[in-house]
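What follows is a set of structures for review.
Both complexes shown next keep chain A, but they swap its partner, so chain B is in the first and chain C is in the second.
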Partner chain A sequence: MATTIAPQRTTSARVRRTSRIGQLGRWTFIAIAVITQVTPFYLALTTAFKPITDTTSLWLPPLSGGTLDNFSTAWNSGHLEWALENGLIVTVVSTALTCIVGAMAAYPLARRSTKLNRFVSLLILGMLMVPPLSILVPLYTMLAQLGLLNTYISLSLVLTTIQLPLAVFLFTQFMRTLPLSLEEAAAIDGAGLTTTFLRIVLPSLKPVIATVVILTSTNVWNEFAMSSYILNQPEVRTLAPAAASFFGSQGNNIGAAAAAALIGLLPILIAYLFLQKYFVKGALAGAEK
Partner chain B sequence: MKLSRNTTRAAIAAFGVAALLISATGCDRGTSASSSSEVQFFLNGGPDTPQYKEMTDLIAKFKAEKGITVNMTAASTDYEDQMKVKLASGDIPDVFTTHGWSLLRYSKFLEPLTNRSWASKVNPGLNSAMRDSDGNIYAFPGAFDTAGIAYNKDVLDKAGIDPATITTWDAFNNAAAAVAAKGSTPIFSSGKAQGPAGHIADYLAADTFTDSQLTQMKQGTFVDSAYAKVLDRVKSWQSKGWFNKDYSSASEDDMAHALANGTAAFEIYNNSILASARTYNPNANVGFIPLPPTNGSTPYLIGGEGVDSFGVSKTSKHKDDALAFLDFLAQPDNAAALAEANGAAAGLVNVKVDFGKLTSSFDKYVTSGSTPVKPYFDRVYLPNGSWNTMVATTDSVISGQSDVAGAVAQMKNQFATLYGQK
Partner chain C sequence: MNLMYVPAIAMVAIFMIYPLVQGVGLAFTNWDGYSPTKAFVGFDNFARLFNDKTFLTALINTLIYGVGCTVLQQIIGLALAVALDGAGRSKAFARALIYLPVLVSPVVMSMMYYFLFQYDRGALNDILVALGFDRIAWLSTGPGTVTIVVLINTLQFVGISMVIYLAGLQGIGQEINEAAEVDGARGLRLFRSITLPLLRPAIISSMIINLIGGLKLYDVVQVLTGGGPGYSSHSVSTLIARSYFGQQAAGYASAMGVALFVLIAVVSIFLVTRMDRTGKDI
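What follows is the complex of A and B.
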């Protein structure tokens, strides 16, 4: 009896030990990931609440008492109240346009597998490889000639164009997984192409729409390069260029820049808290079949 | 069916929201370009800088006096890139900061200002950088940018060094060794900022080349033996461990902090670093001295067109208003306010500037006019585009990634390439 139980105990002890080691490894990995994510925010907080004359290490909290001066500098000198509003307008418009135009463009590409459509799909995919700044000069010239510089519509259209290739790709891939039978049934019931798209296809796209909304809105909200060229007047500047304006050739105001970044983070944080389940679902949607 | 209706409504609502957001915010911001009757002014400087604040006040004063509206837009670290795009696309502001390049880079886009009343008052020290061979000037110099060796006097006092006695490189090296012996950093610079290393080579090169070698450089022959002397000096400091240990990761702000906190003795950089150090520590005991000579016999400063210099586009539709604005800035009181905001000497000789706690250094070396001022080496003797290589090669010597011969060879290749493109 004893000879048969002993190996079982040894095996279960080994399994428990292996499981404990595995758990330890998982927790270590999670801890490293959390620290990596949290550290920049910690540094931004310590910097934003320190007066400019506090030259202690960035890692230390404001030991001589915190200050809100950096936030008032960021808000007043950086015109953050405008920047937040401008960022919101450009983000909502670009995201809405990307979703609508992206879904409409993807529908024929997913459903009609012609040579031309395959070529167009590849062309759209290829546009992902074009660095946006490589077309800056002709684009800027065109906008200047049209008198559209420093207008919301110009940046919204440019950013929509930049975001569209990825959106079209995601929509196309997702639509190909939808059963054709639904659309065939709609056709038998007399639905036209537009009706089928709006009433049958579009409602089925909810998961991928969530993905596109998340990707597009965060990309547009954080976009810096194009925004700084196209909207460079303080009244229309978006958030990232407004925060970056505290870095200059004649010296930096890191405290104000950190404060601006934290203020800019708030809308995303609030949106995330309220829409958490949609964000998680949307982020996972691309992985589902 | 209910779901389908909702989706259709959602799509229509999304379009509606997009349209509403654009139209609702209409009238004032983001729906139309600036008024065509305003003078468009593009400034190099962030909204929190003293220059920006001073310029905002001056623009308001100008409007009250002349009734002309100046619409100021500013960019900071990406100013140069933005300006290049504006020039390439033909969307050139009526007035813009020339940041040291009014002659070499921007003169073909700028209205000559030689006939303006203030042009005869431009400090002669700026002639080589700002006037062409016919004596034409293309920008109003809001600042006479001077640079030498910035120091923290408290650190030097502890090492028993009087900065005024550093008039030779031997004296500088002795001072650096004494500072190192006391545990402080003799020379602080920044590899991360992609600039300060280039300043070191630029300042040293200004007095390392002989006149005949400078002529060769202007004619397109890179004199590698002279450039090697520049980097040899840098290498000798590097091999003695006199640069800050965190050189590669240190930022320009760290340079200002090091001077402000008294952890470093010297920084070979633009005098604006002194103003930054004062921002972090208003009581910092800092100043500057001229650079010891290599070929010449007297210490010298580096000087030239500062970042606060402004030109008028020759294609401007509001040229008269733009020129009136520059004339307004050039009035002695206004020019003094601008120079003080920039922490630099004035570009006009009839302007008196209050340098605050840096007055003794400025009075001794700049205002008195006793110290010769040499132009920035790269602006006069290197083809446009050489700066990045100058920074990278000096950086590679300081960080020990390259020897002097390799760095000189890289510089020579880039010189030949860029000179061939001229």
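What follows is the complex of A and C.
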């Protein structure tokens, strides 16, 4: 008996020791990763709360007393109150449009698999490959000729179009998992297409609507390239272009730049705090195409 | 019923397909972007692309941004997923923090990284000075700047790869791992012969997302360097904007746009067909 137990003990001891070293390595790696990812946020915080006269290292918190001056500079001369309002308008309009137009388009694509519909699906999904900057010249020219530059609606329509392919895809995938029986029962009861869609289909889309809303609204809120060209006047500018304006035109007022950056990411941070699992679900849904 | 996708098709037609087609038309002209006249110049703009050092630099940079970020994101993302797989509050907390930058605007992210890499008062240089070294002008050379852009974009979006791989690892399930361990596979061997092959669909879909994102890269370059020093860190996307708004070369900028679209289309179609094939294998 004793001879059989002894080797077992050494094996388990060896496994335990290697796994302890493994655990140490694992957590060292995790710690490095977390510190790396948090560092930019930390530096933005110390930069934003230090007065311009405080030239100590950015690693140090504002030891000689913090200030809110940078925030008021960003708020007033960067017109961040306008930018927050503009960003909110464009984000709400684009997100609502993406959900409505996307869900409507997905319904026939999910329920009728004809040759035409498969082509339409592929065409819409193929738009994911179009880099926004590659259509910048004609798009900007078209909007300028129509007098639609610096209008909320033009940017909202453009950003909705950019977000549509992913939304249509997510809605289609989800609708295919819904049982047909409810819709058939509604049809027998004499409900038309509009009633069926509004009363039966739409309410059952809640989970995927949550995903689409989160993906679309963060993407639109954070969008920079199209936003900065289509809404180029300070009065209508959205958040990312307004924050970026602190690099360049106003020289490098890094304190105000950091404050603007923090104000810009605050809404997203708050949303992430409460809706974390939906955010991750959104990222995964987007990956399964 | 088919009428329901008419609004979506109309939007895509007006704001994507029409500009795309018009862009191809403009690419064959010498239009300056504002005057009412333009002349047809044939393939001149496309021929110019291949002799234009600035464009070729931007094209190479774009490939470096695309491929560099994709490779780094898969390696780091997979390592993070393996390290953070499983239950536990501290793991969940670490996952949430590592994922956080994904949600931040790349503009804001680039601004925050500037505080790390700037010359005076740069956080990295402060460490160098404290250790007795000289300051380094991190953003003063082309290759240095390109590397930093790759790093920033990689770290910002590595969270996406991480969650894709975490989902993939959970899909493999405990039984398969236990069965493999009974057969004597453990540690690196288990990882190489069981985990990695089973993650293949996750790897390919993660790569497609990262590669398309990297090839489209605009924000980080535009905010952090503006394409500089000189033209050394431009991506094709930032160079298009520069040529159109800065140099009134609308026809030429359109030709770059067409080239960028073709590049991304070829790469994504290649990857997507590979994904379909692997799907059939399984």
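Keep in mind that, in the parts below, the second predicted complex is superposed on the first by the 224 of 289 C-alpha atoms of A that agree within 3 Å, B and C clash if a C-alpha of one lies under 4 Å from a C-alpha of the other, contacts with A are read in each partner's own complex, and residues count from 1 in each chain.
By our rule, contacts are C-beta pairs under 8 Å (C-beta built on N, C-alpha and C of every residue); 3 or more make two chains touch, one makes a residue touch a chain.
For clarity, every value in this text was computed on a predicted model and none was experimentally measured.
When both complexes are overlaid on chain A, the residue A:M127 reaches chain C alone and has no touch with chain B.
By the touch criterion defined above, A:Y229 lies against chain B and chain C together after alignment on the C-alpha atoms of chain A.
Of the two partner chains, neither chain B nor chain C is touched by A:G66.
Once the two complexes are overlaid on the shared chain, A:L136 sits against chain B and chain C alike. Contacts of A:F247 after superposition: both chain B and chain C are touched. When the shared chain is aligned, no partner comes close enough to touch A:P267: not chain B, not chain C. Within the superposed three-chain arrangement, the count of touched residues of chain A is higher for C, of the candidates chain B and chain C.
Of the two partner chains placed by the overlay, chain B and chain C both lie in contact with A:T55.
When both complexes are overlaid on chain A, the residue A:R26 reaches chain C alone and has no touch with chain B. When the shared chain is aligned, chain C comes close enough to touch A:V280, but chain B does not. Chain A residues 55, 136-137, 140-141, 229, 244, 246-248, 254 lie at the interface with chain B in one structure and with chain C in the other. For chain A in complex with chain C, the touching residues are 26, 29-30, 33-34, 36-41, 43-44, 47, 55, 57-59, 101-102, 104-109, 111-112, 116-117, 120, 123-124, 127-142, 157-158, 160-162, 164-165, 168, 193, 197, 218, 221-225, 229, 239-241, 243-244, 246-248, 254, 257-258, 260-261, 264-265, 268-269, 272, 276, 279-280, 283-284, 286-289.
The residues of chain B lying in touch with chain A in their complex are 1, 3-4, 6-8, 11, 14-15, 17-18, 21-22, 25, 28-34, 44-49, 51, 71, 73-79, 82, 85-86, 88-91, 99, 252-253, 256-257, 260-261, 272, 275-276, 279-282, 307, 342.
Contact residues on chain A toward chain B in their complex (touch as defined above): 52-53, 55, 73, 77-79, 82, 85-86, 89, 92-93, 96-97, 99-100, 136-137, 140-141, 144, 147-153, 156, 198-200, 202-203, 228-229, 231-236, 244-254, 256. Taken in their complex, chain C has these residues touching chain A: 1-2, 4-5, 7-9, 11-12, 14-16, 18-20, 22-23, 26, 33, 76, 79-80, 83-84, 91, 94, 96-109, 111-116, 118, 121-123, 126-127, 155, 159-160, 163-164, 167, 202, 205-206, 209, 212, 215-216, 218-219, 222-223, 226, 236-238, 240-241, 244-245, 250, 253-254, 256-258, 260-261, 264-265, 268.
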